[in-house]
Amino acid sequence: MLNPKLKLNPKIFNEDVEQVPIRKGFGIGLLKAGEENKNVVALCADLVDSTQMNLFVEKFPERFIEMGVAEQNLVTVASGMAAMGKIPFCSSYAMFSPGRNWEQIRTTISYNDRKVVIVGSHAGISVGPDGGTHQALEDIALMRIIPNMDVISPCDAIEAKKATLALAKTGKPAYLRLAREKTPIITTEETSFEMGKAQIYWMPDIGLTQVGIIVTGSLTYRAILAAKELEARGIKTKVMNLSSIVPIDVEAIVALAKECKAIVTVEEHQVNGGMGSAVAEVLAQNYPVPMEFIGVQNLFGQSGSPDELIEHYEMGVPSILAAVKKVLKRKIS
Amino acid sequence: MLNPKLKLNPKIFNEDVEQVPIRKGFGIGLLKAGEENKNVVALCADLVDSTQMNLFVEKFPERFIEMGVAEQNLVTVASGMAAMGKIPFCSSYAMFSPGRNWEQIRTTISYNDRKVVIVGSHAGISVGPDGGTHQALEDIALMRIIPNMDVISPCDAIEAKKATLALAKTGKPAYLRLAREKTPIITTEETSFEMGKAQIYWMPDIGLTQVGIIVTGSLTYRAILAAKELEARGIKTKVMNLSSIVPIDVEAIVALAKECKAIVTVEEHQVNGGMGSAVAEVLAQNYPVPMEFIGVQNLFGQSGSPDELIEHYEMGVPSILAAVKKVLKRKIS
Amino acid sequence: MTALSKEKIKEFEIKANDIRQSIIEMLVEAKSGHTAGPLGMADIFTLFYFHILKHNPKNPSWADRDRLILSNGHICPVFYASMAHSGYFPIEELKTLRKFGSRLQGHPHREYLPFVENSSGPLGSGISQAAGMALADKIDGSTMLTTSGSTSFDKAQDKMLTTSTKDRYIYCFISDGELDEGNSWEGIMFAGKNKLNNLIVIVDRNNIQIDGNTEKVMPLEPLKDKWSAFNWHVIEVNGHDFNALNDGVLEAQKIIDKPIVIIAHTIPGKGVSFMEHDYKWHGMPPNKEQGEMALKELKDMAFKIKNA
Amino acid sequence: MTALSKEKIKEFEIKANDIRQSIIEMLVEAKSGHTAGPLGMADIFTLFYFHILKHNPKNPSWADRDRLILSNGHICPVFYASMAHSGYFPIEELKTLRKFGSRLQGHPHREYLPFVENSSGPLGSGISQAAGMALADKIDGSTMLTTSGSTSFDKAQDKMLTTSTKDRYIYCFISDGELDEGNSWEGIMFAGKNKLNNLIVIVDRNNIQIDGNTEKVMPLEPLKDKWSAFNWHVIEVNGHDFNALNDGVLEAQKIIDKPIVIIAHTIPGKGVSFMEHDYKWHGMPPNKEQGEMALKELKDMAFKIKNA
């Protein structure tokens, strides 16, 4: 069942569940952050509408900086603005920022300790028809390896809004990962969001949990659907939303592993180096258990509809079900 | 004892063991590769001597391309040359290549399937006095997450030479990680090197192995010293040289885990996302066991002598000893 | 320069019109993709595929072919349509654009469509790749030549760069927006250094990018001065005038000591009146209705050309 | 322009000589580090720390200070020496350069030495950071001004960029070698767009980089034309002539519609005859013996200056 304490969207399992792109939540959050703090500025590399900065641009044109197609400049100018007390949010596609400005982010933002938020939109395979050059499948890894850099990957537009507002206040460099496609709304305004805190979104109605599913970002909905289906088939799981990849909630992850002794991770990302990899690092050091990794298996993406691609690259509900069954078997043997 | 089958350097434990920078082996290998195949060309971003391309430049000036301080251009020009049948080796410091041209490597080399070898010199904390902006601690992670990209991190100059020669022939994009400082010679010309093959360099004289130490790159010598010291104290270990990080030798790693049921990984790299993380991924999917990670714990480097820094960031022999003892305790409990 | 015959020009105009119609049809079918750039570049692609390029659609991997590097991969509808219309693959296949399993990926990918020289999409990397190809040709072509350098290193390097003996050109098509990218300027500086006169870059100077007009988003003017200051030979032409374009390329082929850029002034959305000059059509496909309007306009134009 | 008095110039010459001596001493002690660039930039640093910069070594975080962004972090010996000689920290501390635990990291790190505005080392990112700072000042300074834009968006953007009311400058020191980097040109284009006349860049035009002379490794000429074509106001000066330098900065401060670059022609290794003009001293420190020779030459020069 949905964790009753978290006040998740009661209509989540309806056919007509509301669907909103995760990036849209960022746009709304940024506008709000701009209203709350006049030091918030927005920088964009020629993708204002795509990255949903348009709301901010309309309201605060004097705090918007158009960078053109220049991602290295995007983050280094932001570093300079942060040095003068601004709180810059820089947006582009995740493939190009952090893909094309990684060292500049490391040096001029993290090493330099300048409060800048890097916003990578169009992350994941669900970018769809644009194809493999535009589907960022490595950005979580790129960013979680930089010291002094938080990494947040919200599960829906509402969480994205909350994360944006939270990141405007932390005083620490951060990366915010966004997806392009419409995604069902999972949370509500009342659901809590806290940096460094993982939350259980789904749990068995009754009885012991057999497998822990840890998910981040846009696949959270599918993970919950899979859990519901498993429940119907008598397999009891918990679904943990790990939207805060850095800081990572070691305590909660280890507790889940201790409880289930089998973990499946789910992310729209390469399995190498991503969120699953971060979980594997935590468990190896604390409480090793069998794991299965749902994600892209060291391949490039391609054109197609988001759904086609998620199925093709084995990140859909059937693949999650299969992974849960596989890890269950490994646990027993 | 040293694995007798591998014909390792018999003088390895002498006080006056020969010491050669790993990058030097690349320089010698590149010259040889150039002699063997006239399509081999060398490109460098204003660091010819540092990256040891000077031998090649002297012998084959007509096949050397000076790029100036422009790392994005370095790899994209190489991609174009590869399209015309050249086999380009591109060198710079690991911080800047792949740090400053990551997306170009992904798109124009790996996605484009162009045979280019990216050579990242001055990787690791042992860069020393230049300080944190020049000590690449994330490059293994940056490169192992790109599909269609091999990643090799040799343990000494002799292995670096062999790796260079091997990479000139594979037909696949690759990353070669090199260190700046003099490093004791561990292998001999007779020691075998094979892409995708991990090898046991140290093993107990007799008796069962209690802990497996998996190491890559310049710390291999220290890992062997630690193993020798542990042997003297009655703790039996094996040391595996994982110079081939991609392709990774899943079979050998799993076999070691099954044998020892406790693993320590050792690398001059962030523990997040690096070689240890790759091992954790393999084990979580195949045979989870307790692990300890020797490496930089999510921090930036700083100025100092290589030895000072290796001790300070807890990658020296004492730290390896402590990690082995810790993992032994975890295994028992 | 030798002017193209009237018949030739008429032939090109018809081809370009066909290609524009194909672009509209594929985009309507795909329901996503880029419109303005492809329409604006249709005349240039036509001239290249049907006149300038040394290529063989029946033997695409012919070793001695010219190389055409498309840097701004997003305009691939015009690229694919030109290939189909010149015989690389059936025109019918254009309808698969951006669909799952299609060879016609949203941005060109040579693993799927081996006829493209380079996979692209991320902007700003094409000039460098083309420069690398041009340099490789110089190295191969120069092996037999003697040189004038002073030291032996200089001599060897001079030799490497002596005018290519390979009888082909590396053409690189880029957009104006991607001149914002530092990678472009690194490549431009490098090609200038190496005097790559076998490299001819065509800039689609259509004055738009995603967020608006280039001179507002990130001004490029004085663009000619920029290239000159980076040691290129600069030619400016009207990108819709076949004669001017052809003359530009002929002039470019005669330059011996510099790489050449042809700044081709184009109209984004060219040929469809309600799309022309409007940056909003950068990445928006026509819907069914808009597609029909566009096709009607193009067909009317075709009728006019044929009966002129 | 108002010429500097003879006494002032003599004072600067003595300071610069002191700083050069410190540079040699720190490098001999450190046994690694960069020599040519720091010696070549000693005159410019002297003029800035002792004449041009609005700063307060006793209150380094004074909010209204000018900002000095060092882009090419490897020349930090001259940066540290200038700070020490102007009172930021004891001259004795210079001897800790590059040692474990020192505040004087091999490349400047503001976590260790808070007096530096930006950590640097990787080349080519300084102009952009300085441009970001200059832009922030424009935004803050412009809040009260009215503007002339046409749409409300244009008006707001104009307002943002109206001449800064903050009474300070953002200075950025860069090397010539780092003009190879695309990041530099992105920053240059951006500053030109935004007419950041509160940004003054000084290029250390010493004609060397690691692998040799810049015009061989990656030619930058015609350098002035490049900056002009990117919409900067360009000033060229002799980087060892205090009057010319000072005039250059005064001229720069009067420009109202463009960012300003001062191309300062310097001699790498300046002041130590056996190092001058030789690119091999880029990243090589003097050994003990070479250090003594260098110090002797500098001390002789100091004697001459004092007794002139």
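When the chains are written out, they are named A, B, C and D in that same order, and each has its own residue count from 1.
Keep this in mind: contacts are C-beta pairs under 8 Å (C-beta built on N, C-alpha and C of every residue); 3 or more make two chains touch, one makes a residue touch a chain.
In this text the structure is predicted, and so the values were computed from the model without any measurement.
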Shared chain contacts [chain B and chain D, defined touch]: A, C
Centroid distance [mean C-alpha coordinates] between chain B and chain A, Å: 31
Rounded Å distance between chain C and chain D, as computed from the means of their C-alpha atoms: 41
Centre-of-Cα separation between chain C and chain A, whole angstrom: 38
Per-residue overlap in chain C, given as positions that touch at least 2 other chains: 109, 119-122, 180-183, 186, 189-190, 193, 218
Residues of chain B whose C-beta touches two or more other chains: 67-68, 70, 72-73, 95-96, 99-100, 103-104, 107, 111, 132-133
Pairwise touch network: line, ring, star, complete, or other: complete
Touching residues (chain side chain C, partner chain D) in the complex: 180-186, 189-190, 192-193, 218-219, 222, 225-226, 228-231
For the chain C and chain A complex, residues of the former touching the latter: 30, 32-33, 73, 98-102, 105-107, 109, 112, 119-124, 177-178, 180-183, 209-211, 216-218
Residue ranges of chain D in contact with chain A within the complex: 67, 69, 109-111, 117-122, 125, 128-137, 139-140, 142, 152-153, 156-157, 159-160, 182-183, 186-187, 189-190
Chain C-facing residues of chain A, complex: 44, 46-50, 66-70, 72-73, 95-96, 99-100, 128-134, 302-305, 308-309, 312
Chain A residues within the chain B interface of the complex: 95-96, 99-100, 102-104, 106-107, 110-111, 132-133, 138, 141-142, 144-148, 263, 270-274, 276-278, 280-281, 283-285, 288-293, 298-300
